[in-house]
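Below, subunit A partners subunit B and then partners subunit C, in two separate complexes.
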Partner chain A sequence: MTASARALGLLAVVLALAPLALPPFFLQLLTEIAIVGLFATAFNLLMGFGGMVSFGHAAYFALGAYAAALLVKRAGVPMLLALPAAPLAAAAGALLFGFFIVRLTHTYFAMLSLAFAQIVFTVIFKWKSLTGGDDGLLDVWPPAMLKSPAAYYYFTLATVALSLFVLHSVSESPFGYALRSVRENPRRARFIGINVRRLQLLAFVISGAFSGLAGGLFAFYNGSVFPDFAYFTKSFEPLVVALLGGAQSFFGPLAGAFGFKILEWLVSRQWPVYWPLFLGTIVVLVIVALPQGFVGLAGGQGWRTRLIRKS
Partner chain B sequence: MSGLSVGMFLFLVSVGMSLIFGVTRIVNLAHGSFYMVGAYLMVTLVEVLPDRPWAFWLALVAAPLGVAVLGGAIEVGLLRLIYHRDPLMQLILTFGLILVISTLVLLVWGPDNKSVSRPDALAGSVLIFGQRFPSYYLLVLGLAPVVAVGLWLIFYRTRWGMLIRAATVDREMLGALGVNVAALYTQVFAFGSWLAGLGGALAAPTVAVALGMDGDVLTTAFVVVVIGGLGSFAGSFISALLVGLLQSFGILVFPAVSIVLLFAIMAVVLIVRPWGLLGRPEE
Partner chain C sequence: MADPTDPQELVLQTIGLRKHFGGVLAVNGVDLSVAPGDVRAIIGPNGAGKTTLFNLLTGDLTHDSGRIYFAGEEVSGLPPHQLCRRGMGRTFQITSIFRRLSALENVQTAFLSHHRRHYNILTPARRLYRDDAFALLERVGLQEQARKPSGILPHGDQRRLELAIALASGPRLLLLDEPTAGMAPRERHEIMALVARITSDTGLTVVFTEHDMDVVFAVARRITVLHQGSVLTEGSPAAVRANPDVRRVYLGQLTSC
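For the complex of A and B:
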């Protein structure tokens, strides 16, 4: 048993026992952390492993959230059947948009993903008869057995853990390594027979699907969905979280989600108005001073690479 | 008409954004925030200055200068540290600035919408083709060609403009030839911020000066710059007019889809010509 596996096991035990010790509020906070962690990890499959930075991942989060919420609200589908529709809808959206987006690189990749996300946002915002527009969709609750904070916490924890396992397997599979090689050198990857665009599109769809699942989980946690889910500020959430935690490692975004949410709670409890200022300042400081994120700092990696690059 | 003047504000903001990108290769997401700060500075200056006819014009000159100073300070204090890094880090940094600036604006000016009254000379309206138009829009429309020609003169008839154009083509070479590229970056960033501030100050009397205006302008200016081609000056001009008109007519003809239309056009442009109508391909 390696050290990291032991740490994971310990974490699992602690999280499983948390409801015995923590009041409901903290369980809700942990539920949110798990959801944001999944969203950021899915996002980071593209950014950290594929070198593709999407500025529009809120689109897939929102597609998932709205697909699940609409099925429950408009078609009366039970929640446990509606939730699987979230990743499916998001994957469909990611396939459609990704087909065009992966044709571009770097800045243009980021911009086209943002453009598609804005389209999704606008459609949700304007299509009042279906989506409720600005008012969102209210009363999207899970069934009674999952309604208590502890029950939904366990449900989310299990779903997220399973998803992270799948994402981790993906990142460690031959596919994951092919993705890394495309990040490092797309031309070389093509020479050794990798179909770069198809690989990138597949990564995009997987990432979109799990972002959608995070959206679906959040819809039932929140009890409602709003067009803001697709707004461009939401797209920056996984980016900031992954960056804070360190995009170079698989578990970086998860650690980032933890830090991000705790910090958000601490700051907005005291001074709700200052939270964006705080967040913005942190983002600026991390970029200027800690290129590897906080996880990099813990490993001493950040400073070393900085020194090497400087000398 | 109002479409044209919206296009004018957009042009000022997006040409500044495009200029900054052309030289520094930074997509400045905080550009909408500069526009907002310009509008808010205008509000304060008009309030503070004595109630004389010249006060409005003095404010119109001073507010953009204030934004230029802010932009220059940000360039020297933050962006200069990360030019060698991944362009995406620079994007994220300017996004962080959006959050910081919008909170600071909220703290300084409060959450309520503000308005700026038009100067007395332009408070009325004029009849054009049997339709009433606020005379203030005529000022805006009159300024459009002046600014466009002024920019053209700066870029193509001054040494400074020549350096800017040279920097967009090959920065290293320019530095090797003994030009102080770092100082040029600061100047360009301050100048681009000045343009955004001017757009905001000019727009202040025509809109409610409110907290959300940074995001609104940013997304639209972004579309303008992308359609026109990042770093292309003429491209920004054409595409700003196009988008301004499209927005105002779109709202009349098909209100529900006008914004979708905008982004759909941007998406099509990015797919067909990723570098924009008049831009240059990424190397």
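For the complex of A and C:
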């Protein structure tokens, strides 16, 4: 068994036993960390592996959250059937928007993704009869058996673990290799026979789908959904989390989610107003002193960073 | 070599190829015929249109008029990835590799794409085509560097790696845009000897541009000379060397320097 496999096994045991030792508040915090971790990992399939920085991933998070919430509230569909609609709706949105977005690169890519997300936000905000507008949709709860913090924690943990397993397989698959080659050098990638735009679009759809699943999980955790799920500030959450944790590593965003949420809790508890100031300082420190993010503290992969800083 | 006059037998043919940038006619009605097994050098003074012609052939630029045939089929306007799928391999004037991937991963990815596995999203890729990739790296003399990140390899090794990437796509035509650019004289001859060895082993057709005339005359079987966007002459190295027009064009450039 490799060291990383042992570490994962240990982590699984600790997380599985957590409800025995931790009060409900911390289970909720861990649930939120898992959801943000999934969102940031899905986002980082694009940024870390595909070299595509989206400024509008809140769109797919919100599409997932609203798809699940609307099915429960407006159609009376049970939660366990409504949740799978979250990644499907988000994937459909990612396919539609991504078709246009992957035609652009760098800043233009980021700006168009942001523009589509603002469209999603505006539609949710204005379409009061369907989405409730600014009031959101309330009482979006899971069924009784999943309602306790411990039960929903286990449910989220299992869903996120399965999703991360799938995303990890994707990143290590032939598709994952091809995606890295496109990140490194699109021109060369074309001349090994890769249809770059189509490959990028597939990555966009996979990333959007799992962002949507994170949104769906969050809807039932939160018990309500609001338009600001699609707002641009939400789009920067996975970006910051992935940068903090380490965008060059698959598990970086997960580590980032853990650090981000724990710090947010520690700081907000004492000085609620100053959290953004702390966050900004931490982001600057990490980018300057720890370009590999939190996972860089664990060592390894030094040459990759040297190359990043050189180029 | 097959009959060079039969268009069905030609690997590459262009008819009246033309491209202008603003008011400059960079490529002005180029007719080119490359038979299987040819090792063709395209030479000419700076600004003769070599690189533009190259980019037209590889689909990086689209031409204004004329036609391009590859292996008997018209390929005018096809994008690079489709030309690659049809058997066109290339290297770039500025070394073009996947810098943050290991040399092995560079070649493996090319194999994965060649075998159309790159939309496979769930099987692990680590062991796929690894042996093929090692064998190819050995062929270009990079077996010791296989696990190193390609971006830190010396320039000459990166050129070899790029050649291996191009070969992994199983091309029948290899287009090399100044394969010895930026290399020391000894390295130049090494890499061209490698190209010559590979072509004689496989019967691969090669078209290359090159500034170093020693390299050109040592390797090329036929030479096409471009001047101001048009073909000045074409023939065997001996014939081109003896051609007074070629001498005039190159001498003219020398005196103007």
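FYI, the second predicted complex is superposed on the first by the 297 of 311 C-alpha atoms of A that agree within 3 Å, B and C clash if a C-alpha of one lies under 4 Å from a C-alpha of the other, contacts with A are read in each partner's own complex, and residues count from 1 in each chain.
To be clear about the criterion, contacts are C-beta pairs under 8 Å (C-beta built on N, C-alpha and C of every residue); 3 or more make two chains touch, one makes a residue touch a chain.
Please read these numbers as outputs of a predicted model, since none were measured by experiment.
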Checklist entry - Of the partners subunit B and subunit C, which touch A:F236 in the superposed model: first, second, both, neither? => result first
Next on the checklist: Quick one: is A:F25 in contact with subunit B, with subunit C, with both, or with neither? Answer first, second, both or neither.
Outcome noted: neither
Checklist entry - Looking at the overlay, what does A:W271 touch: subunit B (first), subunit C (second), both, or neither? => result neither
Next on the checklist: Just to be sure I read the superposition right, which of the two partners does A:T281 touch: subunit B = first, subunit C = second, or both, or neither?
Outcome noted: first
Next on the checklist: Going by the contact rule set out at the top, does A:T122 touch subunit B (first), subunit C (second), both, or neither?
Outcome noted: first
Next on the checklist: Looking at A:F165, would you say it contacts subunit B, subunit C, both, or neither? Reply first, second, both or neither.
Outcome noted: neither
Next on the checklist: Which stretch or stretches of subunit C touch subunit A in the complex?
Outcome noted: 58, 60, 79-81, 84-85, 89-90, 92, 96-101, 105-106, 108-110, 112-114, 117-126, 128, 149, 151-152, 165-166, 168-169
Item to check | Parts of subunit A lying in touch with subunit C, wherever the complex brings them together | outcome: 166, 169-170, 172-178, 180-181, 184-185, 187-196, 199, 202, 206, 303-304, 306-308, 310-311
Item to check | For the subunit A and subunit B complex, residues of the former touching the latter | outcome: 53, 55, 100, 103-108, 110-112, 114-116, 118-119, 122-123, 126, 232-233, 236, 239-240, 243, 273-274, 276-277, 279-284, 287-288, 291
Checklist entry - subunit A touches which residues of subunit B in the complex? => result 27, 78, 81-82, 85, 87-89, 91-93, 95-104, 106-107, 215, 219, 222-223, 226, 230, 256-257, 259-260, 263-264, 266-267, 270-271, 274-275, 282
